[in-house]
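Several structures are given next for inspection.
Note that chain A is present in both complexes that follow, paired respectively with chain B and with chain C.
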Partner chain A sequence: MYDIRLENVTKEFDNFTAVDDITFTIPKSSVTVLLGPSGCGKTTLMRMIAGLETPTRGRIFFGEHDVTDVPTRRRNIGMVFQYPVIYRGTSVRKNLELPLLSEKLSKDELDKRVDEVAEILDLTSVLKRRVEELDNGTRQKIAVGREVARQPRIILFDEPITNIDLTSKMELKRSMKELFSRLKQTIVYVTHDQTEAMTLADQIALMQDGVITQSDSPKVIYENPNSQFAGWFLGNPGMNFVPSEFVSVAGTKITSPLFTQTIDLGSKATSVDILGVRAEGISVSISQVAGACAATVTRKSIGAGGQYLLDLTVGGLLVKARVSHSIGREAKDTVWTSIASENITFFDSSGKALSSEIKVK
Partner chain B sequence: MSDVTFKPKRKSGPIKFATIGAWLISLLFFLPIAWIVSTALKPKGSIVVSPPVFFFRPTFDNIIEALSFDNTLDYFTHSVIYSFGSVSLAILVSYLAAYSFSRFKPAGTDFLMFLLLSTRFVPAAAFVIPYFQLFNLLRLKDTYIGLIAFYTMFAIPFSVWILKGFLDGVSQRFDETGLVYGASRFHIMFKVILPQVKPGLVAAFVFNILFVWNEFLYNFQLGGAKTYGIPVGLFTGSTKGGGIDWAYVASIGTLYVLPLVVVIYVFQKYLLVGLTFGTVRGEV
Partner chain C sequence: MAKSVETLEQSIKDVPKAKKLESKKTWLSWGLLAPVLFFFILMSVLPTVWMFGLAFYDYTLTSAQNPRFVGFDNFRDFLANRALAGAVSRTLIFVLSAVILQTILGILIGVLFWKNDKMPGRRLALTLLFTPMVVTPIATSLFWKFILDPTLGVLNFFVSTFGFDRIDTLSSTTLAFPTLVFVDTWMWTPFMTLMTLAALGSVPKAELEAARVDRLPLTRLIRTVIWPHAKFILGLGLLLRIIDAFKTMDLAYVMTGGGPGDRTELIAVSLYRFAFKSFKLGYSSAVSVFLLFVAIALTAIYLYVLNARKKAEE
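So, the complex of A and B:
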């Protein structure tokens, strides 16, 4: 299998830079999710890997081969599009085996490959059905299966489950997870949906304005965002931020209306400008406890798994906290909040995280 | 929003009335054809009589006689060769052009498309003399190559317009999936995309064949004894004996519409889709 190396890859359209000088390696035999908001350049980057767009500058390598000028049809890749491409008027089996027919496989090998992917994707029962009878979720499964059956070295997924209804989406996500764990190919998956990224990725490459701002495993990128953007984009809700007017730095110590303790950050404290804390990093109690701040509940909503999401005002600051069902149910008017120091992420004035440079003492 | 009221289901009365009206109007349009066909089948003596004869014993004598005239069969052969030849060629060329316009969007696509259609703005008769001289000069007069080239040129603009509309309706991801699978552009154009624009091809084919099949002026001027088609044959043949030979006109006229009736009948289901081209299609 190949890794995919991008060297100074840039793509400019008329007067807009979609991808801005990206140098990055997508590791082989793993799932890399390009995640970012609409228009961040993730799809353009993937289309350049596929050869459907030509980079304005920079080179693309598959392993040791420079493929920048190799046409799409010689790149030996698979690609699943946002809208499933299916061939109407034929059966599911025919759809799966169509691209294989030109490879002159034996009948046994052909059937084996088709049956294998059908089994993984749970399509065995519909193999004989005609594709137009099936819903969009199943059609997309067919499109996925067709790529997998071809066994290319690299498979690209361009928001494959964005346009699928919610129920099928959950199922498709599960099938993909199962599928990815069995595949040895290098997989690149583009999405703007963070739950998809969290579920499927071995590593997430977070993109913003044409550059990759952070790339790490889902766990690391969630727990240690390297920028305010990463903190805000990942997580639902995104990270709470304490703007600089609510952060007081005195020497090496930092205080804020959000917590009662004073945090000692050593010499780097002066560069701290903004604080971040995740909704689940705020502990809430109904009765007053030592070291907690009084907070007013302005809104309650119930979320997945019965957890509550509370909108709280603490010392003039609006934050969101995620709490257990029992606390959420009892919470009204005033509650008490505290934040453990290790749950706080520190950012400088440009929004860059300082976690690697400073340690809480 | 105001209150929503549900309209009661419409009674069938007015609909039936409208249906009958539509049928009557259609029949009115059909009268000339009915006249031609019935005249062709009438015995010689009851064609031009007053009052007209509505009931008669059909006979094929007129048709057989018309076919036995010197050049009648040749005219048919000529018409079929240059009509189907030029339109088929035009559709092929137009498909390639429309694909390129739709997929590669060369600079100035919109203007080029306009320019293409603008060749049809001017009345055809304005160019008869220049073409006559040009064809004489190039020794193309009275040749199939000349006529087919001319009619092909005439059929291309409209075909490109129709086909581009259809191709724009076929998502590029079909092309891209093909590329990813290692297909060549030609394979994608003819094996993947072409089947999806069949209604467009049929519509372009039928509209243009109607035009070329019925064209008289240029066939008369640029053709000759070796390439005159039925319209010219009808014109010269009908006045051969001095007056107008209605039996000949009706017989040839009847045979003349038959191929088109067959073509349109066969392609009807595609044609209906073809006539509604340009309607917005969502991604599926």
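So, the complex of A and C:
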């Protein structure tokens, strides 16, 4: 299998830079999710890997091969598009076989591959049907199956579940998770949906304004966002931010109306501007406890998992807290909140996280 | 319980009211349609009905006689008329050769433009390409007549400059008909190019890209990606062109007047002569009715094929 190396890859459209000088390696035999809001350049980057767009500058390597000028047809990749692509006028089986025909496989091998993916994607019962008869969800499954059955070294997914209905979405996500765990290919998956990214990724490459701002496993990015953007974009709801007017820095010590403790950051304290805390990093209790601040509940909503999401006003600032079912149910107008120092991420005035360099005492 | 009965009664009372509103709306839509319908009926439906009626009468404008009912005599005469049978078969050959040529050329040029969507001056080239189609057929016929003129024409200027004998294409028994086909092709190839571009444009971009990724060979690409999307628009263009070519009159009338002899006498030219030279309105109505049925038959065949395909796909 190949890794994919991008060297100073840039793509400019008329007067807009979609991808801005990215140097990055997508590791082989794993799932890398390019995650970011619309217009961040993730799809353009993927299309350049596929050869559907040519970089304005920079080189792209598959393993040791420079593929920058290799046409799509000769890149030996698979790609699943946002719009479910089916080849009309044929059966589902034929659709799965079509890209395999140029591989000159024996009939047995061909059938084996087709049956195998059909099984995983739950397409066995529709193999003989004509593709036009099927709904978008099934069509997209066929598209996924078609690319997987071919066993190219690299498979690209361009927001494959964006355009299909909710039930099929869940189903397809599940089958893809299953597929990805079996596949040995290098997989690149583009999405703007952080839940999808968290579920499917071995590593996430977070993109903003044409650059990759952070790349790591979902767990690491979630727990240690390196920027305010990463904290806000990953997580549902996004990270709570405490703006500088709620943060007092005195010497090496930091205090805030949102918590009672004083945090000693040593020499780094002076660069701290904004604090970040995740919704689940705020502890909430119904009755008054030592070291807690009083908070007013302004809104209460229950999540799909049974936990509650509370909108709280603490020390004049509105924050969101995720709490257990029992606490959420009992919460009245006033609750008591505390934030453990290790749950706080520190950002400088440019929005860059300082946490990696800071040890909380 | 009492209350629900009341509400039920109330809702029953509401029904006619709602209906009244509905009928008002219907009147509004009919009212808005009325002017168009009026002109449509006046200009299109009535004359057609009139024509159907006339086809069964002997009626010549230049004679003093009143229209006389003759039953199917006009049709019988017309079907027995050898010259007209010749004109019909000539028209069929004209339609076939011209439309096939235009379609092939149109598709080739269309594909060329489609493949090169980044070529410089594409827009200008397309605009220029479409001019023949925009010019009035009479004008086109006239200037081709001048180009091909044996003594003054620019074609023969070049022919004689290079030392060849002057040729009089439009008076030549062998060349007149192919020349008409050529001019018609010149005029209508852009239309098929336009249709080809529209048809190719209806193929989703993702499917074309997927075909590149999946390394589909060209024949597969055409069969499973392009054709299923392109066939409707292309087929529609073909149908329009066939019906229109069947009615070709101005071209032949202006350039050759049907000659030499009857070499370029298309059915529409004959029809024009019957109606507006001999003023035999009954007879020419019968011919028109026949032509109308040919056009309807072609459309019906096309729609039938289209529906059969759709059904097969379902």
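Everything that follows uses one rule, which is that the second predicted complex is superposed on the first by the 361 of 361 C-alpha atoms of A that agree within 3 Å, B and C clash if a C-alpha of one lies under 4 Å from a C-alpha of the other, contacts with A are read in each partner's own complex, and residues count from 1 in each chain.
Assume contacts are C-beta pairs under 8 Å (C-beta built on N, C-alpha and C of every residue); 3 or more make two chains touch, one makes a residue touch a chain.
Since we're looking at a predicted model, the values are computed, not measured.
For the composite obtained by superposing both complexes on chain A, the positions of chain B and chain C are in clash.
By the touch criterion stated above, A:Thr90 is placed in contact with chain C alone, chain B being left untouched. Contacts of A:Arg130 after superposition on the shared chain: chain C is touched, whereas chain B is not. Number of chain A residues touched is higher for C, counting chain B against chain C. With both structures placed on the common chain, the touch criterion links A:Leu318 to neither chain B nor chain C. On chain A, the patch touched by chain B and the patch touched by chain C overlap at residues 50, 52, 71-73, 77-79, 81, 83, 85, 99, 102, 150.
Listed in rising order, the residues of chain B touching chain A in the complex are 171, 173-174, 176-177, 179-184, 283-284. On the side of chain C, the complex with chain A involves touching residues 204, 206-207, 209-210, 212-217, 220, 223-225, 227-229, 313-314. Chain contact summary for the complex, chain A toward chain B: residues 50-52, 71-79, 81, 83, 85, 99, 102, 150, 163. Those residues of chain A that touch chain C in the shared complex are 50, 52, 71-73, 77-79, 81-83, 85, 87-90, 98-99, 102, 130, 132-133, 143, 146-147, 150.
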